[in-house]
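These notes open a run of structures that come right after.
Both of the next two complexes hold subunit A, though its partner changes from subunit B to subunit C.
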Partner chain A sequence: MLELAIGIILGSCALGAGMAMIAGIGPGIGEGNAVAKACEAIGRQPESKGPVTTTMLMGCAIAETTGLYALVIAILLIFLAPNLLVNILLNAIG
Partner chain B sequence: MNKKSRLFRLVDVLLLSLAAAPLVGGVVLQVLTKPPSQGISISGARIHFTLPAPLQALPITEAQINSWIVIVSLFFLCLYMTHGLAVRPETKRQVIAEWLIEQTESLVANNMGPYFKGFAPFVAAIMGLSAVSSLLTLLGMYPPTSDLNVVGGWALLVFFLITYYKLKAGPLYYLKSFAEPVAFLTPLNVIGEIATPVSMAFRHYGNILSGSVISVLVAAALQGLSRMVLGWLPGVLGSIPFLQIGLPAVLSIYFDVFSGCLQAFIFAMLTMLYIANGFPADEYEKRKSHKQNKVKQA
Partner chain C sequence: MRKTDATVRRETGYIALCVLVGSVLLQAVFCLLGRWHYSVLLGNLLGGTAAVGNFLLMGLTVQKAVSQEEKQAAQTMRLSQSLRTLGLGLILILGVTLPFFSTWTTVIPLFFPRIAVMLRPKFDKKTTTEQSGGDT
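For the complex of A and B:
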């Protein structure tokens, strides 16, 4: 029984980590849009390449934030949560 | 003209070796203390030893030691770069140092405006510390920037600076700025204020950590693959992971070199933008002229 419970905890943590990374879709699309527009802008005005690139990198960094929140959650779920939850379970059983 | 005294050269060599010594020491420490790992091992910073402290035992981790290595190394590198300055540059390193300083000063002046001119050393320090910390992975050492505590400390420092410059126009104005544009948005504004350092820390730490995790996973996968594909080779040949040659190096160039430098630049840029945007310049000028008028009348 205990093995089953621990197995469910580990499996759920892994599944949750995978699901959290679905959030990676958003930043991917957003950054793709940003880079596409930056390429258009550089194509139209090649002399403004420097500032456009800098601004694009900044924008990408900001757009990436939500994805990174998901990544942090996934990392916590993989490396920290299993230990914590199994300990809670063991303490509850006594 | 090109003839330098022996003392000058001696000091040069001394400074360079002092800059390189911490890095070499770090690598040696890493080799001596790292336990042998089996398969995939992804762990946080190892704790070298704990110091007794009044409230809670203070663990001295790899991240702290590597941060100090970077600080000392950068310090002596800067001393080397500025050794033997002349009005007419005589050495290549003076030209490089001048170029670096000009670049940061123009960056700060463009992004922060004239009031924050003095911020160039701070921004350059944050950028250099962050970039070199991330580049430590190239030596196989633990990069301090992939520890949330280190980057969180920097983000807190930046947060204090932002708040300090927001308070320049008086505490009342600062409190009032939370109730804008409408009063019932105050909770959201408070959350947004706290989210600034949190997102800065997570962004930097998440990028570096995810890079190293992906590198480890790819290396482990290639090892397994090469054991599967090339395992039939006789003797020692079969146990050498040939497929590990090449691809990890390419990944390392992206994740360690490019991403590390980019994150350093982004952290410094965000620092500048947050501080400059949070500073209420108009209100500050108004108060200043108001005060001066009062002094004149009195």
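For the complex of A and C:
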């Protein structure tokens, strides 16, 4: 029974980490679209290259954080959460 | 080798400065809580370097991408984002698993660039106000 409980904890952590990483897809697509539109804008007005690049860098940094949240959650779920949860389970059983 | 654009250098410098200030504050908090250990400093160095390096690499990719065709630029950016995320993942795994890196001080500095970007409009407003004050 204990092995089953530990197995469920490990499986849930792995599943949660995998689901968290779905959020990692978004920033790549968003950044790609932002850069494509910036290329279009610079092509239309080459003199605005500096301000467009600055704004885009800041926008990309913000978009990137969403993926970073997902990555951090996934890694904590894989490397920290199982030990913590198994210890809680073992303490509860006594 | 391609020369780094002045905009990328300026923004990376700003982010590096904010990460440095945030790291000093983080170390001070750990000192005040009485939980400072050399692993806190090492973790902070790892996380801070990763945060600034990630931003610099993103800036270099943007610099390269703006001189390309639209579709190619989008693909370059997506590829770069995937590779940078993988790199950050490896750094995070090192920070979490190795005992001489504190987990929290490795993770927290990665979010300092976001805070720096959020604070950016305030600095810009201040600079604009000072400039307009000087003009009149």
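The rule is short, and it goes like this: the second predicted complex is superposed on the first by the 94 of 94 C-alpha atoms of A that agree within 3 Å, B and C clash if a C-alpha of one lies under 4 Å from a C-alpha of the other, contacts with A are read in each partner's own complex, and residues count from 1 in each chain.
Rule of thumb we're sticking to: contacts are C-beta pairs under 8 Å (C-beta built on N, C-alpha and C of every residue); 3 or more make two chains touch, one makes a residue touch a chain.
Computed from a prediction, not measured in an experiment: that's the story for all the values here.
Set side by side, subunit B and subunit C differ in how many residues of subunit A they touch, and the one touching more is C.
When the two complexes are laid over each other on chain A, subunit A has residues 54, 57-58, 61, 64-65, 68, 71-72, 75, 79 in contact with both subunit B and subunit C. Considering their complex, residues 54, 57-58, 61, 64-65, 68-69, 71-72, 75, 79 of subunit A touch subunit B.
The part of subunit C that touches subunit A in the complex is made up of residues 5, 7-8, 11, 15, 54-55, 58-59, 62-63, 65-66, 68-71, 73-78, 81-82, 84-85, 88-89, 92-93, 96-97, 103, 107, 110-111, 113-114, 117, 120.
Of all residues in subunit A, only 24, 27-29, 31-36, 38-40, 42, 49-50, 52-54, 56-58, 60-62, 64-65, 67-68, 71-72, 75-76, 79-80 touch subunit C in the complex they form.
Contact residues on subunit B toward subunit A in their complex (touch as defined above): 42, 44, 199, 202-203, 205-207, 209-210, 213, 262, 265-266, 269-270, 273.
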